[in-house]
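Following are the structures in question.
Two complexes follow with chain A in common, the first pairing it with chain B and the second with chain C.
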Partner chain A sequence: MTSSSFKGLRVKDLQVYYDTPEGVVKAVDGISFSLPQGKRLALVGESGSGKSTLSMALMRLTRAPGRIAGGNIFLDEDDILDLDVEEMRLARLSKISLVPQGAMNSLNPVLRIKDQILDGLFDHQVFGSKKITKDEQLSKVNELLSAVELLPSVADMYPHELSGGMKQRVAIAIATSMDPKVIVADEPTSALDVVVQRTVMQTLGRLQEGLEASIVLVGHDMGLVAQFADFVGVMYAGRMVELGPVNSVFEKPLHPYTRLLIRSLPTLENKEDFVGIPGLPPPLLNLPPGCTFCTRFGRENKNTPPWKEISKDHWISECEVCSDIGK
Partner chain B sequence: MSSLLQAKNVTKSFGGGIFSKEEELIAVNDISLNLEVENPKIIAVAGESGSGKTTLARLLLGLINPNKGSVEYLGKNLKDMKGKEKRDFRREVQPIFQDPYGSYNPFYKVDHVLYSPIKNFKLASKGEEARKMVEKALELVGLVPSETLGRLPHQLSGGQRQRVMVARALLLQPRIILADEPVSAVDASLRATILDSVKKLNKDLGISVIYVTHDLTTAYQISDEIMILYKGVLKEAGPVEVVIKNPKHPYTQLLIDSIPQANPKLKWGKLDISETQELLDQPGLGWRDS
Partner chain C sequence: MKSVTKYLGNIFQYYIVRRFLFFVLIIWLASTTIFLIPRLSGQDPVKEKLLLEAQRGGHMQAGLEEMAKAYQKKFGLDKPLYVQYVNYMKDLVRFDFGPSIAYFPKSVNSLIGDSVIWTLGLLSVVTFLAFFLGTLAGALLGWPRSPGFLQYVFMPILTLAAIPYYLLALVLIYIFAFNLEWFPLFGGYAVANLPEWSFTFAIEVIHHAILPGASIVLASLGFWALGMRGMMITTQGEDFMIQAEAKGLKGIRMFFNYAVRNAILPQTTALALSLGTVFTGSVLVEVIFRYPGLGNTLYQAIRLNDFFVIRGLIFIVIVSLGLATFLIDIAYPLLDPRVSYKKG
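Then we have the complex of A and B:
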């Protein structure tokens, strides 16, 4: 496939930095990936590795002291970094939409749920210039609520009357309200129990397939990722260290961090097997070049490992110095 | 056996007053729970979203009062506590709230949530001592002190914010930690690290823990006992080995069946949720020893 006819989301060498008084935090340090239309990519990785920073940058919602320091974000053919502010505002929700991390806290506490849903739709003039009746508005709200398995009565409630999980589902309803082409979901179900999680992810998946949208799912739950995603990207200290089809990443993880991460997953079989990865990730402040995973084990590789395709669509950042860890 | 913290048949409902148009919602329905002084344990409270876990936690903290039943700390009803008793209770029972954003004042550096309890409860006499305590607590939850202190809450990632709250609870070394989804926003390996330190607090220092979660796998890993709630009702409770390995109530069975396996080849959930739905309202089984 030539790049000019690529349909989907294509991120090239994206850099997002935070300028702090102490120095530059390279929270996203040169990340590239392609996600074909209709496919699902899950981003996993250490807390603080830059997943939310990346999601916000995909929406161009990076706030000072953060800035997009370089790279491209292509939606189909167009680099959204070239859009002007107004064009970008319109693209949000309708082309690319976000379910933010802690979405349940992003709801406005003094607005009824139906008004929060309608807000975005009016803002984008979905109903155009035609006058629509209160009944028509309500039926759109009900349709969106039922898509996320919420009762119509929720429309008249305020956020504080809902449980954490119900709020999260409202946020998903809002994010899918305008048939976007790319849905960025930052831990959309981390507040939900597994039963609801399953139905919500099925719903999200169904909505996404219906829209032929791509999904970038940020998630900590490796189980959910295994069940939902087509591709997995593993992040560590601001960089992607592994990216590949879900089956091969779980079956044959190639990067030592991915291996240890998979090994740390708790099970219902064995109580003793529950151990984290020792050590700390490196500080991202003024991070020197080189392999960021080596340092965790007291090793050193001063050259930033190359990003290599090892087998079809399966990439890693390959470092000879730490490649044996976790084997 | 004397009780440390005990909930006696607590019920909490919302709405449904004489003047209210809304139907009454019973968020917590006749639930009892007992932590003993002599036998510090970890109790997991699990159940679906909206099942009343957070409401139960707030009842146990005395943040809301039950409509029926009572919550007692060392034999004293929380409702009747005053002055020093109340201060002691606040120090000895430390919450970690579900929402890692709501617990912060956005204008204060994160240092504030760590240093203010040290000051309020006079845990350290010297500044140097306080600093050491804070740093140790941060390291216990996998945070680099120099990277964390001095920052405003929004300058930390979601998981980092959540871990600062865990560090705060560890710092205070209370008698009870009441943790509402303390690790929902961190990755698997950190989850293991943090829960492991919670477990150590329990084993080494005898701190009792109430672990509110919907994650049955971690509940199984760290808890001694588990309570399964559904729509405010206790469906099943007992030692984790009994309840998780041999679930009897259809709701518990559905919960366990719905755990997504970290293996893309295994199907997620074999039970059909719509078919199981009616079974879920079956009465609770109460405490099971085997």
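Then we have the complex of A and C:
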């Protein structure tokens, strides 16, 4: 282990597999990273690269046929994979919380917003054993709502009465209601329009900063990621291929996949001729060991590339065979 | 603030008024249909009844025509159709279904009145009981954290759903009334007693109701349980269930406030409909147990070709079904906030 007084989120060699009738899908295949307290990590990568699988595993919410096959997830010093079921339940919301995908119906359609904010607090004994009055409960709700720039009247509404952006604000209010150390947000602004996206992200960022929480953000939008995050992790076929400070990764991408990914971003200059990444990511089913990026270009490296720190905090999975691609 | 509540009140009333008008419309259409169909069929219940009597009792064929005329006059069947229709509607509004043909001077109302309390008592209790038990069983079966042994406890009970309730009734009679003699073979109360309001009589009534009740409960448990289990499994896949778990909610809260609370919505519609058929839903059970309820009355009326009794009973079924749908329409927005009083 590294320094035992590390504060933040530390993931070590995490493996999440789906057991399908056809075989094992290694959706997260040995991912390691450290995210210091108060910092923001963004995960990017093509669809199917395992970002959602990773974020659900961080909450220990992996559902069958998925399973966490190995590794560690340290919150400060404690490995949450060692917690028993009840300890894990209590850790959710209070230590690590989830902001759901924007396109999801993550709020219970038949409960009022205030009840959906309060029930999590009740089940974590936030108000202790003492009986608290309805007024005290409401003032807590109002405090959380105003922190996400919602009016107190939202408390009495039902989810279907809110816009997508308002629902995401409610989700953020819930996720931050117990001052967690880590917030996991899987595409929190997908399906929202661009203007709303920005304001919702600003709210999320402001709250996360206030709480000094770490945040793991899954994002499709590279522009948003570059603006929001301190670190960016690039995922490819269930593995992390590059991880580093945002500036360093965007300015000096070291892995060929990152280079192609950045180049494929539409800019004002090249919006005419859109460049995609040639080929397709390999199917994750029964994936053989070796460099998965080489196979996309008809090359071959039978050895799984090592995870190396090239410069301070800047890591890549280094493969000599494909390192020249996209230069 | 005052104007807001007033505004909401108006919308509320508007919704209810519209639902009520719809209810009235259904009743009107249905009762008109009951009025027309026998007349279109060209059959004459009075004449047929008399013919039957004649064959049985050896009456003279000759006097029959006159007798039929006399009855027709009595029942008002000799008047023009529209007059009959208006009279019929007038009677319906007053809940007056006329005299019985089979038990002539006795009115349909008193025949129905004697039996309605038995059916209402037995079947409303039984329907709610089956709904409650079945829905609970289905909810537990559809909940992944339920202890595994529940599968083995509930599944055999659910297979009873495949057996028709009247067969189940016969089996129960054979085992518990005939062989074990725990319960009476038939009836709503002991033949020696007359209905009265007393504790011992109440116990006796319950004692008589257990077997018919049990056969209906056992047979319909599976219907409620399977429906609920299916909805529970569907609900598991909803995003808000994942979010509930991510919030670190207690299992019991996720079960009741999140899963059951949403999965039960379609069940309540089905409950309203089955309450609507309470009066005649279990005719065969009443017949088998010779239970003094509406089902038995209907059976006798059909056997004796007692047209006015049948018509009265059908009307009651229609009104109760309509009423049940009307009530669920009013109650549903309280259960599901997405259905508001403003729309629909």
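Convention: the second predicted complex is superposed on the first by the 318 of 327 C-alpha atoms of A that agree within 3 Å, B and C clash if a C-alpha of one lies under 4 Å from a C-alpha of the other, contacts with A are read in each partner's own complex, and residues count from 1 in each chain.
Here is the rule we use: a contact is a pair of C-beta atoms (placed from the backbone, for glycine too) under 8 Å apart; a residue touches a chain by one contact, two chains touch by 3 or more.
Predicted model, so just to flag it, every value in this text is computed and none were measured.
Undergrad: In the overlaid three-chain picture, which partner chain does A:E187 touch, first (chain B) or second (chain C), both, or neither?
TA: First partner only, chain B.
Undergrad: Taking the superposition on A as described, I'd like to know which of chain B and chain C A:N105 touches: first, second, both or neither.
TA: both
Undergrad: Touch check for A:R92: first (chain B), second (chain C), both, or neither?
TA: Touch partner of A:R92: chain C, not chain B.
Undergrad: Does chain A have more residues touched by chain B or by chain C?
TA: Residues of chain A touched, chain B against chain C: more for B.
Undergrad: Of the partners chain B and chain C, which touch A:L83 in the superposed model: first, second, both, neither?
TA: Neither chain B nor chain C is touched by A:L83.
Undergrad: Between chain B and chain C, whom does A:G48 touch in the aligned arrangement: first, second, both, or neither?
TA: Once the two structures are laid over each other on A, A:G48 reaches chain B alone.
Undergrad: What is the shared patch of chain A, the residues that chain B and chain C both contact?
TA: 101, 104-105
Undergrad: Would you tell me which residues of chain C are touching chain A in their complex?
TA: Interface residues on the chain C side: 238-240, 242-250, 253, 257-258, 261-262, 265, 335-338.
Undergrad: Which of the residues in chain A end up touching chain C in this complex?
TA: Listed in rising order, the residues are 59, 61, 89-94, 97-98, 100-101, 104-111, 119-120, 123-124, 158, 160, 171, 174.
Undergrad: So in the complex, which bits of chain A are touching chain B?
TA: 18, 20, 44-48, 52, 101-102, 104-105, 161-166, 187, 190-199, 220-228, 246-247, 250, 260-262, 264-268, 271, 274-277, 280, 283-285
Undergrad: Provide the residue numbers of chain B that touch chain A in the complex, in ascending order.
TA: Interface residues on the chain B side: 14, 46-51, 54, 98-102, 142-144, 146-147, 155-160, 163, 181, 184-196, 214-218, 220-222, 244-245, 254-256, 258-265, 268-269, 273.
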